[in-house]
Amino acid sequence: MKDTGSLINHYCERFTLIDEKEAPKLMTIEHELKTSTAVPKCGLMMIGLGGNNGTTVTCGILANKNKLSWLTRRGEASANYFGSFSQSVTVKVGMRQSKDPSGKKTMEDIYKPVKDLLPMVKPEDFVIGGWDINSMDMYNATLRAKVLEPGLIQQLEKDLIKMKPLPGVYNLAYIASNQEDRANHIKEGTTSQLIQQVQEDIKNFRTTNKLERVVVLWTANTERYYEKDISNLEELEKLIKENAPLPPSVVYGVAALREKAIFLNGSPQNTIHPALIELAHKQGSYLAGSDFKSGQTKYKTAMGDYLIGSGIPIRSIVSYNHLGNNDGKNLSEPHTFRSKELSKVSCLEDAIMSNKILYPKGQEHIDHTVVIKYCPFVGDSKRAMDEYTSEIFLQGTNTIVSYNVCEDSLLAAPIMIDICVFAELFSRISIDSKPMGPVLSYLSFFFKAPVTNHPEYVINSLGRQKDMLSNFLKACAGYGTEDNTMMAFDF
Amino acid sequence: MKDTGSLINHYCERFTLIDEKEAPKLMTIEHELKTSTAVPKCGLMMIGLGGNNGTTVTCGILANKNKLSWLTRRGEASANYFGSFSQSVTVKVGMRQSKDPSGKKTMEDIYKPVKDLLPMVKPEDFVIGGWDINSMDMYNATLRAKVLEPGLIQQLEKDLIKMKPLPGVYNLAYIASNQEDRANHIKEGTTSQLIQQVQEDIKNFRTTNKLERVVVLWTANTERYYEKDISNLEELEKLIKENAPLPPSVVYGVAALREKAIFLNGSPQNTIHPALIELAHKQGSYLAGSDFKSGQTKYKTAMGDYLIGSGIPIRSIVSYNHLGNNDGKNLSEPHTFRSKELSKVSCLEDAIMSNKILYPKGQEHIDHTVVIKYCPFVGDSKRAMDEYTSEIFLQGTNTIVSYNVCEDSLLAAPIMIDICVFAELFSRISIDSKPMGPVLSYLSFFFKAPVTNHPEYVINSLGRQKDMLSNFLKACAGYGTEDNTMMAFDF
Amino acid sequence: MKDTGSLINHYCERFTLIDEKEAPKLMTIEHELKTSTAVPKCGLMMIGLGGNNGTTVTCGILANKNKLSWLTRRGEASANYFGSFSQSVTVKVGMRQSKDPSGKKTMEDIYKPVKDLLPMVKPEDFVIGGWDINSMDMYNATLRAKVLEPGLIQQLEKDLIKMKPLPGVYNLAYIASNQEDRANHIKEGTTSQLIQQVQEDIKNFRTTNKLERVVVLWTANTERYYEKDISNLEELEKLIKENAPLPPSVVYGVAALREKAIFLNGSPQNTIHPALIELAHKQGSYLAGSDFKSGQTKYKTAMGDYLIGSGIPIRSIVSYNHLGNNDGKNLSEPHTFRSKELSKVSCLEDAIMSNKILYPKGQEHIDHTVVIKYCPFVGDSKRAMDEYTSEIFLQGTNTIVSYNVCEDSLLAAPIMIDICVFAELFSRISIDSKPMGPVLSYLSFFFKAPVTNHPEYVINSLGRQKDMLSNFLKACAGYGTEDNTMMAFDF
Amino acid sequence: MKDTGSLINHYCERFTLIDEKEAPKLMTIEHELKTSTAVPKCGLMMIGLGGNNGTTVTCGILANKNKLSWLTRRGEASANYFGSFSQSVTVKVGMRQSKDPSGKKTMEDIYKPVKDLLPMVKPEDFVIGGWDINSMDMYNATLRAKVLEPGLIQQLEKDLIKMKPLPGVYNLAYIASNQEDRANHIKEGTTSQLIQQVQEDIKNFRTTNKLERVVVLWTANTERYYEKDISNLEELEKLIKENAPLPPSVVYGVAALREKAIFLNGSPQNTIHPALIELAHKQGSYLAGSDFKSGQTKYKTAMGDYLIGSGIPIRSIVSYNHLGNNDGKNLSEPHTFRSKELSKVSCLEDAIMSNKILYPKGQEHIDHTVVIKYCPFVGDSKRAMDEYTSEIFLQGTNTIVSYNVCEDSLLAAPIMIDICVFAELFSRISIDSKPMGPVLSYLSFFFKAPVTNHPEYVINSLGRQKDMLSNFLKACAGYGTEDNTMMAFDF
């Protein structure tokens, strides 16, 4: 680390408590927010490194690092971080008043890039590695993914061909049977041995690359739901000792946390059991998940804010998806799809529960269907077709149909970068002298089914998730938060 | 008025000033917010009373007042206020902490209906009247509109048939030539005389109905842009004296403000010139506008928040609309459409200007096209088809196509009710002993092209407009505003 | 019958035989087409009478018989037969040459309504009856269906309330378990007794109403596929004798054919086994099926003609549907959906097999997915969302997305009328002194999975199905068929 | 020419004449169809060679000639002629009866590629040349077009860079003012001189390349409608003599026909006046047009066949398009768009006129709107959004919305190839010893607004256009035409 100093800011939190008699009590609580300014050398180990997400993140970071340009049918393209909250979003940090040439007072909003708020890892500085159950080198894996332009891949060939994933933990019982062909590069051993092997991998990666921090990110296949609810660490340790066939994601999670790496889960399965949280807590490490919120569900939580927030009750949502990448293939079997479905259908619950005029007690049900189909021809170009039907004034109907086409991995990759950047940052922040976590709930914005430190309290509203993250970052950076009332401006 | 008391709350506004050196200065300013609790008997005079919006508002209020139900193809329907922010939206007013049966601390959000925050006019209590250039009674006008179900209209026949609009101010130079057939019920006279006649209408309406407050709402045809920029009241008075052919909306505006009525403009034309604002100020009255934001543009400003707020630069938006009601017919001529187009295309400007990573200086242009076509067969059932094309990671493309079907008037009517309810409320609120206005900028949420007291500062972002309105109402009601940082909750 | 005469026309069929050596042999074969002109008094017995299709057909026929008009939100509506090939389509019967005022030769096409080509039953003359597993009278069943406007249903109340379905044959093993609640009106007995009871119902209906012809039409729930392939009549009789639990549709089929009624199958299950065809043949009766082709599949076979017929290879089709009527509910279970899926996915096979340039041997596969979801809120208003992805020149891609909204029953009802009208007509036609049938293959136009007298030869192309039906009708009516070469016209 | 022989076939045309008394008269007329089998060496001169269509045709032909493959994001692609009727479509030429292993009679349809029916120019054998108002060489023009993949263009660089368009005829009065920048390579002179120069160009091209036949194809910008109706050749010659500023397309047409080249018009403007037809007739040459039917209109005429042919009256069609290529730019001005609009809106007229049940006399109107917008960001990737609203049974409504994305030039290029191939072929065919033409009406399938030899008689129905073309080709090739009645097969 280049610097061992800290940035300390004080922030006055503001919220309202409602007591039993419905009376509001306005609370203001002063906090000390301390951010270590020493940005560590950080490694990013992806599980599923050779998959579409893994190769896209890798190439995207290399393209940006080398400031590459390449030819496409549409003209010359060049590297960017579009779609990344940390790298491409700005937040309002305040207002400026001045005078125009005629002497009239004017005001304007001042925005600042998120990346400039606090010292964060630059994506280009991540050292990339990871595991895959398929042995293909990263150059050929990138070609196989069919996500990126040939003109870009060719420039990266030399770098990519040298990168080879470590052998992966594999258990066919947890993924779709159609993945069997792909599994040619796997670890063998008891559960305990597998954990040990992954720990060795992390250790080696850390040592070889002289890393101060490692982030382990699950971006591999969706696993089926794990039927057991491992409610405490003791139970988990017992299962490991007994050589119970744990889902691979749990094996990685345990290994990562034992190594004090940050563990992030980008797929929908229920990897983050209470026992894993307990382990993170014990180790002083961090975890977050689950399921990247990149496309249809992100749009859905924005639509929930929009419609329900306008007094319009959504009555049915039908969400169809099809895609032809390996994610779609894996999800084409019912037991893996079930995990995805569960992750996707509950995302409007907080919006519905918030409005008893539109959804009175006992009438909270909406027809909500999610379908994912495997359509090889479209490749990574995912198509989401949604229909939102709402009731409007005098029981008229409002129907909104949307058709969304996007390379699945191009939406996911920048979000993956965000999660890693912020997870590392949060590991350097303390609130009132206490470290954050162990669950990094402030990452809710990036997950379809956010896990929090309060199992009963989850925020899905996109607007509120974004407020939470932005305001927290601004507070840490010494900016206030805005209430937008504009009263002082005679608005 | 039933009550002459006041509700007084103190609110501590919070914002940040950025000085020349980019340093933040955190501001907290205490305000006294005083709301007169005496809800007046209020009249609503609509210009274009017999049009689709006018008849829908009228029938909707009557249906709710009488708690009507009616049979439709889909089963029994009953009156509601869906789509109304004031009547159907809830806001988070705070959190409650308690313990679950096992003694574990839990927390939950507490929401409250907007209508219960402060004493407001109940929509059913509005006394309805207004003007139309067509003489048809309200029963037949409602049938002509083809918006509502026969089963509802039949129950209202007796009430509606007695309601007849006052003759309207008419000037064919400002609307489409295809409206000529409809204009059989118009006032004659010099500009000055027309204003006088409208003033008499307002006076009579007030006296006859024993009203304490009158709101005059333009919901008639879109007029063409008025070429002159009437920059002060003196100039306006001079034009009136010279019998200049002012646009009818200006005639109504002047008359309403002279009568200390609140003047609201729901159409896109530039009625609200500086001179009109000056008049409102002088009269101690209020005005707001322009152009109800009910459908495509509202969605667009939500999409702007969603995409640009996710670091995804929108590069083109093509917005097609067609509808078959009289609004569509009037807009089928280029000079009236031009007003609408201007109102619709600039709604993403603040979002674009806020992000210099996605839109560097000189590259703020996006391809943005708005088309409105008249298609009689679809009637009031407006169809909006949009295509949003954005650049994503590594210059991939994200395309979102939406198709939105909705009865135009069923979306507009609840918003019209909102504007009137809040405009009346705001006329009873003072901030630090100063009345609000004269422009009611806090109504920006409801307008495509909001007019504010700061011509250079307009907020189009749907999320921010909503925050502004909600937070202001909560502050007046004695609730704090939330910063959503959740720090106190070890989130 | 009013008339015992016959209409005899001679038609010269024209086709080409290709021999082993690929040489064409032009064939012209003269046929005698004899149509009995005596239109019988005809009864229509629907299985599923109280369902959405059954009630819609019944009300539609009554509305047309009584030339009713009714008020809707959109204005006055009146009875029609739109969507019916027999009642609303015209066919080109020839050309007319004349001279224009200036003496110049002109030519024009002459079209004639299909219904005027040959003597057919008028839909209004059908005597309607049938069975249902639910006892609800037709008035309440029509309200339950939520298909038609209240203003129409109210006018038919008196007629409908008297109509009550006969108890139905019911076997939960063949439909979705969610239909159990509805089954309150069912026949009891051994398989043999059930057949007997249905035969009695038909006999009574015939006698009571003095009918000369009865058509029995299955428009009830989709059954699951029947696992046995009943390959001959002997086997079927044996199963009946052994009281094997036959699917209800087979029970009705056997009963209908034993009664010499025409049996038509509007649902996708494999009711029409070889044994049933043998029975029809033995009885001198007729049958046709299966699965009304009314919406998405009809469009798909038109799209196949359009795209493949333009040299554009479709590579993937994803067809999503959702609806909220009882058909959707029944299809929400996998075993009934399976029947529907099988019926829907093979409809492009003949188009694909016809073009070895686009689909070389071994490359006939296209990604083709069909999804049907139950969404109660949308009721009978079915929504079909399709995506067609095709390869074009130089391996570009053409993507066509369609969103189709239509009341399911309003599309099906006129087709049901067509099938009955033509089935009855075809029972009066002989080709070269031989009756048609037993399978009425010329009805292929109306079925998703047409059964023919040549199991190995099925036509799915919409264009060709229509040509076959139109040309056959024109030939019977004494019109020639057109080759559209226009050579004689110096075109 | 390799061969001076002829293929002679006799065909018995079949149609029905309807006399004044509505009685049908079945006509069978024997024709001698003679096709010269000597396929000439043929040149294709495109006007607008350097535009998107011109470069795409050129590269496509070169790619096929050299059997090229290239890498794309989606994997390896290779040259094809998808979308070409002549190269990629098959037609049914007859049936084959045989026996299956069990001795049972079977039958199957026999299909043959269109290109194998008669001796036609192979696209790869066209010698390509032409004109452009911009001087850019074909390599850079192809890059500018942004239609094709870099991996393909790079392989063609050496060929393309040598190809340079001849200077074009230019008159800004006939195209959009925004084309002015592009016009840096133009001919100067009087109208007569311009014609002369183009004739010289054709002569040189013919001589240099030793061509036996030249086809001149207008694929340049849409011109505005020419206000004069040049009703005979004398008048046209007079205008030329007087140096009237004729539209450039007319200048090319006159020059081409004077040179006995075939003149084809792919844009919508009214180039093909009676005078031009007279000139073609006099010269013994041929012409055809207008406006390539490749996308939205082709789909529309298929939808007309589908819906109206199913007894469903279309009541409104709203067709929105946007694109960002130079065609879109040129059409963004009202006077050029007007030509396009006229070409596009009348395409359902014959379908509407054919059905007096759905469209009784005086009620033939449908709401039909066509919009084209210029949206630079989407480039050549045209997006068509259509809404078809139809009335169905009992005045229900069927709404079909489609969204169609396709590279505009990739759809047009194969059709351009077809038109040239067939035009050349038809110039070698005589019917009853008379040459075809002068207007090649059998090409109607390829044009939005087909010109025929019978101005009052135009066929727009896609199905019928295709029948006409296919049946004519089959007849010339010695195959019969099929009536699809299947009577001989006991179907």
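Structure notes:
Letters A, B, C and D mark the chains in the order given here, with residues in each chain numbered from 1 onward.
Just so we're on the same page, a contact is a pair of C-beta atoms (placed from the backbone, for glycine too) under 8 Å apart; a residue touches a chain by one contact, two chains touch by 3 or more.
Owing to the predicted nature of the structure, the values given are computational and were not obtained by experimental measurement.
Looking at chain A and chain D, the chains in contact with each of them are B, C. When the contact pairs of B-D are matched by residue number against A-C, C-D or A-D, over half are shared only with A-C.
Interface comparison, A-B against B-C: more C-beta pairs in contact at A-B.
Inter-chain spacing, taken between the CA centroids of chain A and chain B, is 37 Å.
We define each chain's centre as the mean of its Cα atoms; on that basis chain B and chain C are separated by 51 Å.
Under the contact definition stated at the top, the residues of chain A that touch 2 or more other chains are 72, 148-149, 399, 401, 403, 405. Against chain B, the residues of chain A that register as touching in their complex are 11, 13-19, 22, 24-27, 29, 31, 56, 59-60, 63, 72, 77-85, 87-90, 92-97, 100, 106-111, 113, 148-149, 152, 298-299, 302-303, 305-306, 309-313, 350, 354-358, 391-407, 410-411, 413-414, 431, 434, 441-442, 452-454, 456-457, 462-464, 466-468, 471-472, 475, 478-491. For chain B in complex with chain C, the residues that touch the partner chain are 71-75, 146-151, 379, 401, 403.
Residues 315-316, 318, 320, 322, 324, 366-367, 369, 371, 373, 375-378, 383, 385, 387, 389, 399, 401, 403, 405 of chain B touch chain D in their complex.
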